[in-house]
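Two complexes, one shared chain (chain A), two partners (chain B, chain C).
This part shows the complex of A and B:
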């Protein structure tokens, strides 16, 4: 295999890893408190939310990649993965909000900022005392959609580099599952970095921790990339049977 | 003299009432279980020609090790759920497993000595993932990076990487019977069995601590459940093996899995009943005379 191909795959795995780490930091993650509507965000952990979004992205990406008999267009496939993840995040946040508003009877509001940076509406009056916000307010929704874009694009970029016959040329299933493995390894490091709940890009935590998260993600994705390149160098995975 | 001894015994029993189960993990403390499981796992992984039910015992031991590593990693509260740690182990495991299989499929990756296949190549995946786990543990714990200050996180993450990789490798060799990529691809990866392997192994590792987590969590009881899930995994893999290889390989694994499941489910339920202050049955599950 050409050294430049190996280098391109390595670089794309690192870019994909960085984008997925960024995505986890953008998610409105509420964890267990959000299940009782006492924290802003979706009621699950970072890794589970992000894995769900990325797997949806991989489904759309693999469908779009199958439109080409050979050499799928990298950017188009990666963008289609982003669209899949954005849809998944959008539905999750929308249905979550429906349940919060009409089921639990609470007003979505941010607990970390006094004024919503997008709608400029005041948040403090709507926040129940001794809680950390509720539901998914507008700014968190936008942040979640951006996170879906970034994570889906990153995951699908890794996938298309692994599946494309001009790069790694793995079989569809191998490429998908390896892309998911790299994605999860990055998501968990980002989740450690967040340490609990985050609301989105307006959260003070985001500014304070994003640099550490991206540095760690760079190292982890570089190592994952080297391992995948070793697997590519053996040449045994090339041209998998469909 | 008899009375004094009896009193002594009674005292000891009162001080440690939890140590009297027959199925106890007291001998296998964290380090011994790790070394034992690593040895057994590596042996099972490099001989893909072993019968499926022997490798079934191997996955149960590897699951127990993985569950122990999840317990080590997650008991301090990470700010992310216990399930994520099990999924992380398998995310690592998939990368390492596929790399290991790719290396083992090379001409020098597998030696054939007297008709017996010895796949040394898979160890490359185990070693690389130990390195990746150690580096990510250091990133999470190092004071220049995330600085979580969790004792033993580096070791926990390293063991998770190795246990996950070994689980994927052994299960792949159960289902495909070899590491030859031309047979692994159609019978494990391209038909989606790899997703089943991913989720049952993740469950074997994450579910024990996730269910038993709490103030009275006891290591021996938690590990009983991981072996029980190993039994369920044996049944599922046995069915898959019957379809991919032959009933001769698959049926003994199903039987082994069913026996292990029943025995360890009973042992786990008994341990729960005896260690609980009081048990009130709801009638939904038969309470085993408790």
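This part shows the complex of A and C:
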């Protein structure tokens, strides 16, 4: 196998991993408190949400990759995955807001910033005292959409590099599982870095922690990439084990 | 005609997705799984002895990923064994697979509830056997409905080329992996959306309506129903009126629009019975339509937020 091919696979896995980590940091994740409208964001954990979004993207990416008999277009497949994750995030946040508004009579507002950076609307007077905000305000919604795009692109990029005949040439199932595994490893590391809840790119936590998160992701993705490269060199997974 | 058939199957998949996610959410509400479980878990510590079913096997995504993968694996094994019968074998394979998945889920629910409640002995929380036995069947049946729909979706997507007559329409992933993918997604959506109606509203129904649940309320769950003591079975009846269908809608819309934009892209890329004429055009159109839908969603979300602020107004009270 050409060294340049191996290097390309390694670089793409690292880029995919970094984008996945960035995606988790961009998610408006409220965790368990958000389910009680005690915190702003989506009412589930980072890993759960991001895994759901990324596998939706992975599904679309696999369908689009099968359009080509051989050598799928890397950018188009990765973008298809990105859009798939983005739509999953968009519908989830929208319906979540519908339940907050019509099921519990709650106004979406941020708990971390006084003014929404996008709409320029004040948040403080809509917030219930002794909570950390509630619902998914516009800025968090946009951040979630961007996060979905970034995560889906990263996951689908890893998948298409692994499945393509010109690169790793794993079977579709093996490529899917390996891509999912690398993605989840990055999501978990990012979740530890966030440590609880985050509202999106406007949250002060984002600025404070993104550098650490991306550094850890770089190490994890490089390690995963090296393992994939070893598998390619030894031919362990080429053609697939499934 | 085959292209129309492709659209028809897409709508069947979207309908099944709606049913799957609705039942997934209701099942998680009956068992107090996922995020609102923190309140049921905290209640005895706050002196609130309750009759809720308390299970948190894992996050909903992983729990449903496992149930659906078991179902998909069993279904695939039966399909392989009954290969000579042809596609009719699916009529047996999918329900049997889903039944095994649900049984495993029921076993995990049992051990989880008993383990969690026995750990609350120090707070004098008893293990009510009628609560334990009474909730296992609703949990298993709701889980069965969700898992059978997911397995059916995965089966259709695996064999879409044969079912619709369009070459290359099938998804390349094997049945168990598709079950894992949709199981993870259905759990993630059920956890993200449906839990709000249970956690914010139903569990705190005796607290003021229309405000976020303050930290001081945590653990002080509502234990009494319209008549008598409330159990988790009463939760399903309440959440089935709004939270469950809304959650189903979220997953249904995701599956519908994901497939719709891909199929529209394929049509614009020159889809015929023989396959795609121009894959790059098909993929590019799919991406463009998807970005368009995302922009519409952002506008809708902003409009809804604006409407809510005008309608409900700022927070009043202390």
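By our rule, the second predicted complex is superposed on the first by the 238 of 242 C-alpha atoms of A that agree within 3 Å, B and C clash if a C-alpha of one lies under 4 Å from a C-alpha of the other, contacts with A are read in each partner's own complex, and residues count from 1 in each chain.
One rule holds in what follows: contacts are C-beta pairs under 8 Å (C-beta built on N, C-alpha and C of every residue); 3 or more make two chains touch, one makes a residue touch a chain.
Bear in mind the structure is a predicted one, so any value in this text is a computation, not a measurement.
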(message) Once both complexes are superposed via chain A, do chain B and chain C end up clashing or fitting?
(response) clash
(request) May I ask you to decide whether A:56 touches chain B, chain C, both, or neither, giving the answer as first, second, both or neither? (result) second
(request) Check whether A:114 is in contact with chain B, with chain C, with both or with neither, and answer first, second, both or neither. (result) neither
(message) In the superposed model, which partner reaches more residues of chain A, chain B or chain C?
(response) C
(request) Could you say whether A:48 touches chain B, chain C, both of them, or neither, answering first, second, both or neither? (result) both
(request) Check whether A:219 is in contact with chain B, with chain C, with both or with neither, and answer first, second, both or neither. (result) first
(request) Kindly classify A:177 by the partners it touches after superposition: chain B alone (first), chain C alone (second), both, or neither? (result) both
(message) Is A:66 touching anything from chain B or chain C once the two structures are fitted on A? First, second, both or neither.
(response) second
(message) Contact-wise, after the overlay, does A:11 reach chain B, chain C, both or neither (first, second, both, neither)?
(response) neither
(message) Under the contact rule defined above, give the chain A residues that sit at the interface with chain B and also at the interface with chain C.
(response) 31, 44-45, 47-48, 51, 172-173, 177, 242
(message) Under the definition above, what is the set of chain A residues touching chain B in their complex?
(response) 31, 44-48, 51, 171-174, 177-178, 180-185, 187-189, 191-196, 212-213, 215-216, 219-220, 223-224, 227-228, 230-231, 234, 236-237, 240-242
(request) Spell out the residues on chain A that touch chain C in their complex, using ranges where they run on. (result) 31-32, 34-38, 42-45, 47-49, 51-53, 55-56, 58-60, 62-68, 72-73, 76-77, 79-80, 83-84, 86-88, 90-108, 119, 121, 125-131, 133-134, 136-138, 141-142, 145, 172-173, 176-177, 242
(request) In the complex, go through chain B and note every residue touching chain A. (result) 78-81, 83-85, 87-88, 90-96, 98-99, 101-103, 105-106, 109, 124, 128-129, 131-132, 135-136, 139-140, 145-146, 148, 181-182, 185-186, 189-192, 194-195, 198
(message) Taking the touch rule as given, give the residues of chain C at its contact with chain A in the complex, in rising order.
(response) 34-39, 59-62, 168, 170-174, 177-178, 180-182, 184-185, 187-189, 191-201, 203-204, 209-218, 242-243, 246-247, 249-250, 253-254, 257-258, 261-262, 266, 269, 276, 279-280, 282-284, 286-287, 290-291, 293-294, 297-298, 300-302, 304-305, 308-309, 312, 314-315, 318
